[in-house]
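Several structures are given next for inspection.
Two complexes follow with chain A in common, the first pairing it with chain B and the second with chain C.
This part shows the complex of A and B:
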């Protein structure tokens, strides 16, 4: 069976992650507020065509920027992947809200086409494809808390059966004030839950050379009818890995109780990433980016930042709204 | 008329999200669409139609008529002046 490698990764998140060196040269600070907006790079520099950029909402700018960063080669040209998979839980929510407002205000007449175009979930994948002149496979997964995982599984299947040799996978979601307020009124932002946003891109390939790490497996489960530790043990066991071979579990728990406590009290070394990126449907992409970068850079979380230590295996455990539970296994590309 | 032209430029910049354009960059006599102007497209034409209804209460439903009216900022301003109630 073909191995799958992450050859490049790029992330925009509530942390200063777009230039990864900046993130790993400083101490990562947890988000203090229950709303964690992304640290935006200068989109004018990244998407230079003002005519195209003006039709891009925040989600699209984030998604296109991390996608292009993943594809940018040393000579400045863009690499053309065989396949593109995008993932979003909510799509262009800001433009969806504007479009719905327009429907009400204009009594269902004269609706704004730009807001409609930008509201659809597949827009950032489509825009990236248009910018690249990509005519290959380009699919968007809008599968709630499993969107990122579904896109990754599609890419892995295609790389394994030879349908594609390279695949760009991007997951993105955005914060909007309306969603934040609606969820706040329902009491959602408590028990440590914070609303986040971001975009996470990964270039997957069968080529080991120059790889950041190996992406061994991705699993989803809904609901979780066992303990989190049993879920992880069964997952790593099915991949021939023992608990002692796992150097770190990146816990993306939905809130500060139950499974987080269970995992922190287990024999696994853990690092909870949700307070660094907040909660959103594709937040597992932040965990995957963090895990891949830690292995690729030979770093591990330490008390005040990061320490030099090479991890062999990292598990990313993600929860979304106490309903969707996913696992990803990364391996050092020895 | 001069005030109306400046107001229109500002509204078009905001509604069409022309983030790198200032009112001074727009020649009121230059074509809005295609080469030689600010290069707007058919989606922008729909947005301008919405803008005219929203700010000036003017409804333009005939595409042929719109083509003439939307040829420049000056022609839109003249149409508003002649038709605004």
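This part shows the complex of A and C:
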């Protein structure tokens, strides 16, 4: 079976990640508040058409920016991938809410279509396609904590069956006041849980040359009716990998502290990334970005930042609202 | 290997099961009429399902006091029928659920924001069904599907795209059977959204007619059970899924290009995937919304691909209204029925061909049509266009 590689990755997150060197040259600090907004890059430089930029909501700006960053080649031109898969748990929630309020407050009169147009789940995928003039496959997944994973699974299937040689996969979600407040009223942000946002893009190929790392497998499970360690062991086992060959498990635990405790007490080396990016449907994209960059740069988490050490395999374990449990397996491409 | 359609389930304004839908189609009876259930100031005809959420929940054996989005309820009803129709045993096989929807639990979100606006107590539970995936999860729980589930949201091509992923999951042997399709409710959000874009016809829609003036919205759900031929041993099947393609028009967020580049590429790609020639297609179930832009663009693309030998084509949206994220699933099920009964369901409200092209859709029910291979088109906002091919 053909191997699949991540040839490039780009992330906007609550950390200073858009220029990855800056992030890895400093000590990563956990988010302090229960609301972790993204560190926005200068969108003027990235989306140069002022008119288009003005009409884009925050979600679309983030999604388009990491997508373009992933496609930008050394000579400044944009690489045209065969397929584009996007992912968002909530879609253009800000625009959806604006349009809904407009309907209700104005008794269904005086409607502005631009919020409606931006509200559909596939806006940043569609907008990126439009900006690129891309006529290939373009699909958006919107399924809670499996959105990012579904987009990756689709991309991997197409790279394996030969439908595509290259695929751009982007997952993004934004913080909205309504969702934050609703979750706050439910008591959700207690116990150190935090709301985050971001966009994560990955260019996948069959080419090993110049790859950041190999993406071996992605799995989703709902409900999780076994221990997190058993879940990981059967997943890596099905890929012919032993527990001792996994150098790091990135634990994206945010709700279920029993799982975090279980993983931290297991024989796996762990690093919980959720306090760096917060919780949102596509936060596993942050975990995937972190894992890929660590392998690609030959780094591992250390007491005060990162240390030079080459991981062979990294597993990304992600939970979303005690409902969606996913795993991803990365391997070095040396 | 081949991917077989072993079961179908349809819920639309024509009825709550596939039989009622098929009967109405053969009788050329439309489900599009004045809105009764949904409260809105806009006086537009639509393909509305008369049952309330409570009535649907009761029919499904659910506690009517619990909160279910209309999206989830419609989807449960169609998917349940498809599973029963396929006689699918969920225990013996790895079964997935892949659903397409454009608005998710919007009917409940509208209730929440209306309550907030009116200073009433707004229930948070009405907000937590909002995201598209929530409706799929409720469906999976109701149906007992655990092995895989996901949701695609590419506006009006959502469920057609879901069918493509289902086929890939089957061919890669990650799953043995997939319950796949889509569901969308009528809601104020979409009625106002399409009103703001000025593409809702105040009369019944007239696909491919020169006087067409917009679309009628509808609601419903359409699901298929897809299985690999070797795991569906001996089961009767409606047809096989032969090919498909998704392309991006990359022209405008809400309009299709004049030369129909995206639709052309999707139809051409589907033919290539199926290893077929244009002459092999016996019928096209067009996206055919009835908007000035869609129908001209789609017909232009059909003309570019099929040349002088355009196969019979029609739009079934005159019966159901445009069911958005559900239309790809509903129309795939219609195609399965047309193949099974060897009958072409026509469009109606057609009088004058479009001045630009002069192409005429089918206007009469055609039995013994000799159908072997049919194509179904679904186009969505964002330039997402998809084409599926089913065959005997």
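By definition in this document, the second predicted complex is superposed on the first by the 333 of 334 C-alpha atoms of A that agree within 3 Å, B and C clash if a C-alpha of one lies under 4 Å from a C-alpha of the other, contacts with A are read in each partner's own complex, and residues count from 1 in each chain.
Rule of thumb we're sticking to: contacts are C-beta pairs under 8 Å (C-beta built on N, C-alpha and C of every residue); 3 or more make two chains touch, one makes a residue touch a chain.
Because the structure is a prediction, the values reported are computed rather than measured.
A.B. asks: Of the two partners chain B and chain C, indicate the one touching more residues belonging to chain A.
C.D. replies: Partner touching more chain A residues in the overlay: C.
A.B. asks: Once chain A of both complexes is superposed, is A:326 in touch with chain B (first), chain C (second), both, or neither?
C.D. replies: The answer is neither, since A:326 touches no partner chain.
A.B. asks: With both complexes overlaid on chain A, does A:103 touch chain B (first), chain C (second), both or neither?
C.D. replies: Once the two structures are laid over each other on A, A:103 reaches chain C alone.
A.B. asks: Would you sort A:50 into first (chain B), second (chain C), both or neither based on which partner it touches?
C.D. replies: A:50 sits against chain B, while chain C stays out of touch.
A.B. asks: Tell me the contact category for A:199 with respect to chain B and chain C: first, second, both or neither.
C.D. replies: Neither partner.
A.B. asks: Between chain B (first) and chain C (second), which, if any, makes contact with A:113: first, second, both or neither?
C.D. replies: Both partners.
A.B. asks: Looking at the overlay, what does A:67 touch: chain B (first), chain C (second), both, or neither?
C.D. replies: So A:67 meets neither chain B nor chain C here.
A.B. asks: Considering only touches as defined above, state whether A:272 meets chain B (first), chain C (second), both or neither.
C.D. replies: neither
A.B. asks: Given the touch rule stated above, what does A:166 touch, chain B (first), chain C (second), both, or neither?
C.D. replies: neither
A.B. asks: Quick check on the output: what are the common chain A residues between the chain B footprint and the chain C footprint?
C.D. replies: Shared contact residues on chain A (touching chain B in one complex, chain C in the other): 112-113, 117.
A.B. asks: Considering the complex alone, what residue numbers of chain B touch chain A?
C.D. replies: 16-20, 39, 43, 46-47, 49-50, 53
A.B. asks: Please output the residues of chain A touching chain C within their complex, sorted ascending.
C.D. replies: 84, 89-91, 96-97, 99-101, 103-105, 107-109, 111-113, 116-117, 119-123, 125-127, 129-130, 132-144, 146-147, 150, 153-154, 157-158, 160-161, 178-179, 182, 185-186, 220, 222-223, 281, 323
A.B. asks: Provide the residue numbers of chain C that touch chain A in the complex, in ascending order.
C.D. replies: 40-42, 102, 104, 109-110, 113-114, 117, 124, 127-128, 130-134, 136-137, 140, 146, 148-155, 161, 164-165, 168-169, 171-172, 188-189, 192-193, 195-197, 245-254, 261-262, 265, 380-384
A.B. asks: Can you name the residues of chain A that touch chain B in the complex?
C.D. replies: Against chain B, chain A makes touches at 44, 50-51, 53-55, 106, 110, 112-114, 117.
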